[in-house]
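One chain, chain A, appears in both complexes that follow, with chain B as partner in the first and chain C in the second.
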Partner chain A sequence: MRSGDTRRWLRSVAGIFLKDLRSELRTRYAVSALVMFVVTTIAIIMFSLGQEAAPAEVLSGMLWVVIFFGAMSGLSRTFVMEEERGTAMTLQLLTPPSAVYFGKLLFNIVLVVALNVFTVLLYLFLINGFVIRSADVFVLTIVFGSLGFASAATVIAAIIARANTKGTLYPVLSFPILLPLLITVIDATKSATEGVPLAEAGGVFQFLISYIVVLTTLSYLLFEYIWKD
Partner chain B sequence: MALRITLGILLTLVLCAGIGFPLSQNPQHWYELPVIPGLEEKARLIFFHVPTAWLSVIAFLTGMVFSVRYLRRRDPMDDLRSSAAAGLGFMFCILATLTGAIWAKFNWGSFWNWDPRETSIFVLLLIYGAYFSLRSAIENQEKRSTLSAVYSILAAITVPFFIFILPRITSGLHPGSKGDPDGAGPVVQFQMSPNMRVIFFTSLFAFTLLFIWMFQLRVRAGKLEMDRDPQQAS
Partner chain C sequence: MNAPITLRADGLRMVFNRRVIFDGVHFALGEMQTLLISGRNGAGKSTLVKIIAGVLTPTAGSVTVSVPGSDGIFGVRSLLGLVSPYLALYEEFSAEENLKQIAAIRGLPYDRDVAHDLLRRVALFQRKDDPVRTYSSGMKQRARYAAALLHRPPVLILDEPMSNLDTDGVAIVREVMAEHRRDGILIVATSDLSDVDRFDERVDLNALR
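Moving on to the complex of A and B:
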């Protein structure tokens, strides 16, 4: 690739990212749906717990249940929107598939990081007994967990949008792909509540990084087949 | 024809030997199997459970290879082969799960306890389920073939995480997990006597032949269906 091409490719990526961000900021469709979703789910958890003090393992699992279903209700939006508005064809003509993929991936990363920060803050405030003892492990888990969620969920969202099923299949298709990630982050969150130092929890992050790299590379390679008619 | 005859003979031998050979405290004859402490008669399951689990993984990989071929050559036959392999894999996966669960009830005391290997076979079941629900959701044949091929490749990439990595970082009950004195690894190290080993590997081989035979049958049936009605065939 010549440097002019690279620059043009980067401009397409940024263009798609900014377009999605702007359209999200105008309609606030995904953000408002996600915020309401997280608030509702945490309220249900609080009602079902009542005054009981649940052990930290249960609470760290529940946190990721909220995040998983929250992500599943919002992350397919970027691709489904293109199909609904009929703009997918125009994008196919104007930009290379890889630029579309990375633009959407960036947007989903921003969305999922925002969602997770909001969820975690709310969770820490509202749920009694969920106390983080090693903050560095917890922050890294949330960051890498969000990146992993975005990298797996973006490519599945593209499949879903193409299949015209509007999200009913989304959690079904994503769950087996996300499960290695979920098991690891739940485990890491548990270690964070127990106060395990960062040096001991290091293996978890190696696992998460390899997961993210593998899935992003594979999505990049396969995206062209999903996207092109 | 030769395939069917070999298959019939081998499977009959494996069934007779696996179920019929008596256990003995110190084996004197070639047909006596040793008693493994803690397992006793339940050890016989290895001749049937492991091959079904093995086939569900082999079928999955076969499906993935044909998916890759489909994406490169766009030949509807490759899609047919890929979905035929997935269908067989799903069946063997259910068999492995059920036989394993029944065995676990008598050996570990409950049908299901989220041992890492139980988790990985459960995920394999979920992947197959998701694959078939994706296929049934799409009307257009070409779209269905492409999207399900992409999904099966994506899903195949997560399998190594389950088979090689997770069993090592979490401890479990299944032979071959972390904490097992014989070592943790993708391939379970069994302490088998030579005659058990012969039955075991014959069984693996016979089940693989069974898979090949069923696979050919399904592909032929699928092709007939496709020729009759190109739009309807899945």
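Moving on to the complex of A and C:
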């Protein structure tokens, strides 16, 4: 890519990201769905647990169940809305597929980080017995978990946006791809509740970084074939 | 709009679900040349337009747009402007916001004066700050013209160009078409054959099944 092209491509990625951000701030399609889902699910967990303190591994697993289904209810919007409104073709005419992919990925990262921060704060505040003893391990788990979720969710959203059964297909198709990530982050969250130091949890983050790099690279390479009819 | 430009299609064939939409589409256009794509409803006019615009891959054949400097990552996108009833704008944004975002997504600076001139030209300037969802279908079609012309493309492709337009709108489109006849390449897909004599080339899809 020539340097002039690179600068133009970067401006295009920023253009896609800002367009999605402004659209979300104006319509609140994804944020409303995400917040309502997270609040409802945490309330159900809270009522079902009552005053009982569930084991740390159960609470760690439930946190990621909330995050998984929360993400599934909102992250597909970026592509599904483009298809439903008929603007996908407009985007195809304006910019190369790689700029669309990275612009949407950037938006989904911001959305999933915001969702996870909100979910974690609510979970820590409301769920009895969920105490973090290694803050650094927990923060890194949330950060890398969010990046992994966003990179997987973005490319799957692009695939399911073309399907007729968008709503049901998204979590079903995401689950096998997100399973290695989910197992790892649930384990790392459990370690954080048990007070495992960062030095001992290093292998988990190496795996998470590899997962993100591999998935993002593959998505970038395959996106053109998904995006174009 | 002054680079020497050629656009050619060789042996285009399109098959959907084993049904041949068209086969053997050939044409070659140079500067100041025009092409009419005609055919009855369902003959594949819009399909051919999408292939020429690069958003649909043909079953066989190829479209080549040749102009110096079109080999970058943005490819022929910088050279093409498309207006079509199925091409949507972002309804939650105003016409001017749409133009700003289109320029940003193209990776180009937003030229406010050019955008305002275009909005005046398509008679949307007074409503430029209203959300597109409040526009009538004719106003949306006018907004599509502003969006397609913003980057001054040398190749203009119009699919059913008069769709939803009133008399004033039709006059504006005729003016835009006349300009492109003089300065670039104009491709029009329509079932209305009233202006058939004004085009240099014609692809009749009724005859290419």
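As a convention for this text, the second predicted complex is superposed on the first by the 228 of 229 C-alpha atoms of A that agree within 3 Å, B and C clash if a C-alpha of one lies under 4 Å from a C-alpha of the other, contacts with A are read in each partner's own complex, and residues count from 1 in each chain.
The rule is short, and it goes like this: a residue touches a chain if its C-beta (ideal position, glycine included) is under 8 Å from a C-beta of that chain, and two chains touch if they have at least 3 such contacts.
Only a predicted model underlies this, so the values are computations on that prediction, with no experimental measurement involved.
Q: Touch test for A:P176: chain B only (first), chain C only (second), both, or neither?
A: After superposing on A, A:P176 lies in contact with chain B but is clear of chain C.
Q: Go through the superposed model and pick first if A:V214 touches only chain B, second if only chain C, both, or neither.
A: In the superposed model, A:V214 contacts chain B only, not chain C.
Q: More residues of chain A in touch with chain C or with chain B?
A: More residues of chain A are touched by C.
Q: Given the touch rule stated above, what does A:Q92 touch, chain B (first), chain C (second), both, or neither?
A: Touch partner of A:Q92: chain C, not chain B.
Q: Is A:G15 contacted by the first partner chain B, the second partner chain C, both or neither?
A: It touches chain C, and chain B stays clear.
Q: Could you look at A:I127 and tell me whether it touches chain B, chain C, both or neither (first, second, both, neither)?
A: neither
Q: If I apply the document's touch criterion, which positions on chain A are contacted by chain B in one structure and by chain C in the other?
A: Comparing the two interfaces on chain A, one with chain B and one with chain C, no residues are shared.
Q: Give every residue of chain A touching chain B within the complex, in rising order.
A: Residues in contact with chain B: 155-156, 159, 162-165, 169, 172-173, 175-177, 179-180, 183, 187, 203, 207, 211, 214-215, 218-219, 222, 225-226.
Q: What does chain B use to touch chain A in their complex?
A: Against chain A, the touching part of chain B is residues 71, 119, 123, 126-127, 129-130, 133-134, 137-138, 143, 146-147, 149-151, 153-155, 157-158, 161-162, 165-166, 169-170.
Q: Taking the complex as given, what residues does chain C use to touch chain A?
A: Per the touch definition, chain C meets chain A at residues 50, 53-57, 72-75, 77, 80, 82, 86-93, 97, 101-108, 147.
Q: Where on chain A is chain C touching in the complex?
A: 1-2, 4-5, 7-12, 14-16, 18-19, 22-23, 26-27, 85-87, 89-96, 98-99, 228-229
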